[in-house]
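First the structure, which I've put down as structure tokens, then a few questions once you've had a look.
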Amino acid sequence: MSGATDVSETAEAGRTLTVTVRKRLSAAFTLDVSCSAPPGITIIFGESGSGKSTLLRTVAGLIEPDAGHIAIGERRLYNSAAAEHVPAGQRRIGYVFQHLALFPHMSVAANIEYGLAHLPADQRRARAQAVAESFRIAHVLSRLPAAISGGERQRVALARSLVTDPVVLLLDEPLTALDHATASRIIDDLRAWNAAHGIPILYVTHTHREAFALGDRLVFLDGGRVVATGTPHEILDSPASEPLARLAGFENLFDGVIVARRPDAGTMRCRLTGPGPGAGVEIEAPLAHGEPGDRVRLAIRAGDILVAVEQPRGLSARNILRGQLVSLTREGPTIHAVVDAGARFQVDLTPGARDDLRLGAGDHVWLIIKTHSFRIVSS
Amino acid sequence: MDWTAIGLSVRLAALVSVLLLVIALPIAYWLTFKRRRWTFLAEAVVALPLVLPPTVLGFYVLLAIGSRSPIGRLWTAWTGHGLAFTFQALVIASLVYSLPFAVQPISAAFARIDSSLLEASAMLGASSWRTFVRITLPLAKEGILAAAVLSFAHTLGEFGVVLMVGGNLPGVTRTISIAIYDQVQAFEYQAANQTALLLLVFSFLVLAAVYALQRRPWSVSPL
Amino acid sequence: MTYVRFAVLAVLVSAAVSSAAQLPAPALAVAAASDLQSVMPALASRFERETSGRVTLTFGSSGNFFSQIQNGAPFDLFFSADVDYPRRLEAAGLTEPGTLQPYAIGRLVLYASKASGLDLGRGLAVLTDARVRRIAIANPEHAPYGRAAVAALTHERLYDQVRARLVLGENVSQAAQFVQSGNAQAGLLALSLALAPALRASGTYVDVPAAFYPAIEQAAVVIRASSRKDAARQFLTFLGRPEIVQMLKDAGFLPPRPAAAAR
């Protein structure tokens, strides 16, 4: 290791947030988490009620845990063993609340300058101006929060937290109320800021899109506990275990048996077993550990399966299965179809596709699935 | 027209509403933001004057400040005369009597403030005092105004407690409501009518001005 | 801490303002029984003119004043509608020794409003008439005229019959006001009040025989805690003057019995 790497590693360790907390919120729910966040964006991912906001609030100092310790590098913020608890206001942590919490009776400029009260007036104004410009809200500084757009309000909330030069930034589902285009632009702003400043950022979300767009790392919470840490791709795209697969939104989970391995092609053939008539259907899946005869669990997303009403020809996909449409139900913008192709597949379609293909229950269809759409998961 | 009584009543009401704001703000803050398991008991105590008959209140106040009580004796030692039946005694009695009218609107206004605003203030490094002054108070403006107006109006109209504790001494403790009572008893109906009408019009104008300035309907109410 | 400073400042200011609200008080503070309502103001102005001092009058029930004075109410002179309350104050050491002075004997009358159409020639028995829905008397708990009214009704064996229809005034003046305003059809009131212009205009009265009730001996006394005892004594002496005694007579009071001076 060269000296420069040592220094940068130490520098990074000095800015890394480490969190180990336990907090009992009710008879049914205890938060019990241990994780760390180096400089960069760490996604805290999970469903509603999984403990994401609670975790954020303990790091912020708004909730006192029952036990544990929280530190940024060497600087301890909380240590139950030594009864240390640094008050929220002294932690130098920026927090962007889910509903922004902009002070409604103060102008945008006053909101941004609020955290800089310890500075002389001219410095306050200069820094507020600078951060407003970098977030493209300098033109609304004199207005009240009620008089600006949703996207502008969001940027004010970010600017207000970041102007104080925090050592950690916490964001609680900040983009839920925004349309796609506005959210994307803010994501770009945040990434640009992150590249320039390099502090740990904890970003709470339950949306796959935001996780993939922003996250260097992802911590997956369920029922108050960490069930996985890794990159967004690792956890959401290739879930290692079945519970994770379920949480990551893989609708189809099958039992199967390895039939043959093809190491040179990187694939293997499996036969899907389980309840249902006839011999199980054979499919091609990515290569995994195991010998022919071994049992496996396979997962595939309903959105990754294509449907054809005529037998397809000349396709690259390795899995083309003939089956019968069992049912079609509409749920919001998606049509959920169940197709029996030797095993029951859940398939997601658009209403347009259903209308164009004139699909109805009982129709004979073909399912088209790429090899790598299948994921091998362990139970 | 008994201008002395009118002046006395207005002075009493103004003094009491100012003092009550000073007293009610910390009480309301404590009731709203520093709740313990037994806070409900404190709320009940604060609300007592709403349900107790004025004579019961007057009785207890007299007991507490009369010449035989510790407070009364201290006052006599200090000033040479008793505390009961003085203007100061009316102030004390009115502070107790109008307390819930000051505390409740302020407490309700505090409770309406979104807690995430207070948390945001804390996260940005503000002390409890700074959060109180720059966020809580401005956002509770309407409630504070309501508290001032209601304690003023309520004190102005007091009768039973004032009579018991003040003793109806002209120029000292004869408030406007007692003056009207006296005039009726002396069969001076004309004079009583004039005074009562003045009080009615004045109260109406004060309330109308306050409601005109409110943004939301019925945001100034006693409960 | 800033809040504490602000609070202390507010309290000091209000203390200053409130003490300014006390008028400088060289005025003689007189507590007078309600039956003196019609005559006392005239007596007081006369006294003020002669001595160029000020007199303030507070009317109410004698029993009420009794407990207020016990609690330190800053009156200088107490004109009770009986002699019992002043005697009890004297026994408690709250009065200036030797100043207890009977000043009048009060008289009870039966008064009925013109609108009631009652024939007072029948005396107290008229109170059983069906047209009499409410009868006003002073509260016997603390008003001497109330006690006298109950005594008279008991003497005539009417008390139990009319009891349910009695309305009690805080003092005899309020009882008079009940009748005068039409809320009660009849009342047992002080003669001094029945002679007042307002009641004279709206009704008629008839004496209740003195034998029906214990004499209403009215006495005054100087309060020991007073800081204007000389002026108070002066006022009492002033009351003994022949022309003042005449004014009291005209107002419906009998002169005090000399031999009944309280000892």
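Labels A, B and C are assigned to the chains in the order they are written; within every chain, residues are numbered from 1.
Here is the rule we go by: a contact is a pair of C-beta atoms (placed from the backbone, for glycine too) under 8 Å apart; a residue touches a chain by one contact, two chains touch by 3 or more.
Predicted, not measured: the structure shown is a model, and the values here were computed from it.
Chemist: Which chain lies the greatest distance away from chain C when centres are computed from Cα atoms alone?
Modeler: Max centre-to-centre separation from chain C belongs to A.
Chemist: What pair of chains is linked by the largest number of C-beta pairs in contact?
Modeler: So the chains sharing the most C-beta contacts are B-C.
Chemist: When you average C-alpha coordinates per chain, which one falls nearest the overall C-alpha average? Tell me, please.
Modeler: B
Chemist: Mind checking the centre-to-centre distance between chain A and chain C? Centres are C-alpha means, answer in whole Å.
Modeler: For chain A versus chain C, the centre distance works out to 87 Å.
Chemist: Take the average of all CA coordinates in chain A, do the same for chain B, and state the distance between these two points in whole angstrom.
Modeler: Centre separation, chain A to chain B: 55 Å.
Chemist: Measuring centre to centre with CA averages, how many angstrom lie between chain B and chain C?
Modeler: That gives a centre separation of 33 Å.
Chemist: Applying the document's contact rule, which stretches of chain C touch chain B when the two form their complex?
Modeler: So the residues of chain C in touch with chain B come to 2-3, 6-7, 10-11, 14-15, 17-19, 21-23, 25, 27, 29, 34, 37, 56-60, 68, 71-74, 171, 173-174, 177, 180, 196-199.
Chemist: For chain B, which residues are in contact with chain A within the complex?
Modeler: On the chain B side, the touching residues are 114, 116-117, 119-127, 130, 134-135, 138-139.
Chemist: In the complex, go through chain B and note every residue touching chain C.
Modeler: Where chain B meets chain C, its residues are 8, 11-12, 15, 18-19, 22, 25-26, 62, 66-68, 72, 81-82, 84-88, 91, 129, 167-172, 174, 182, 184-187.
Chemist: With touch defined as at the start, can you tell me which chain A residues reach chain B in the complex?
Modeler: 60, 62, 87-90, 92-95, 97-99, 101, 103-105, 114-115, 117-118, 160-161, 164
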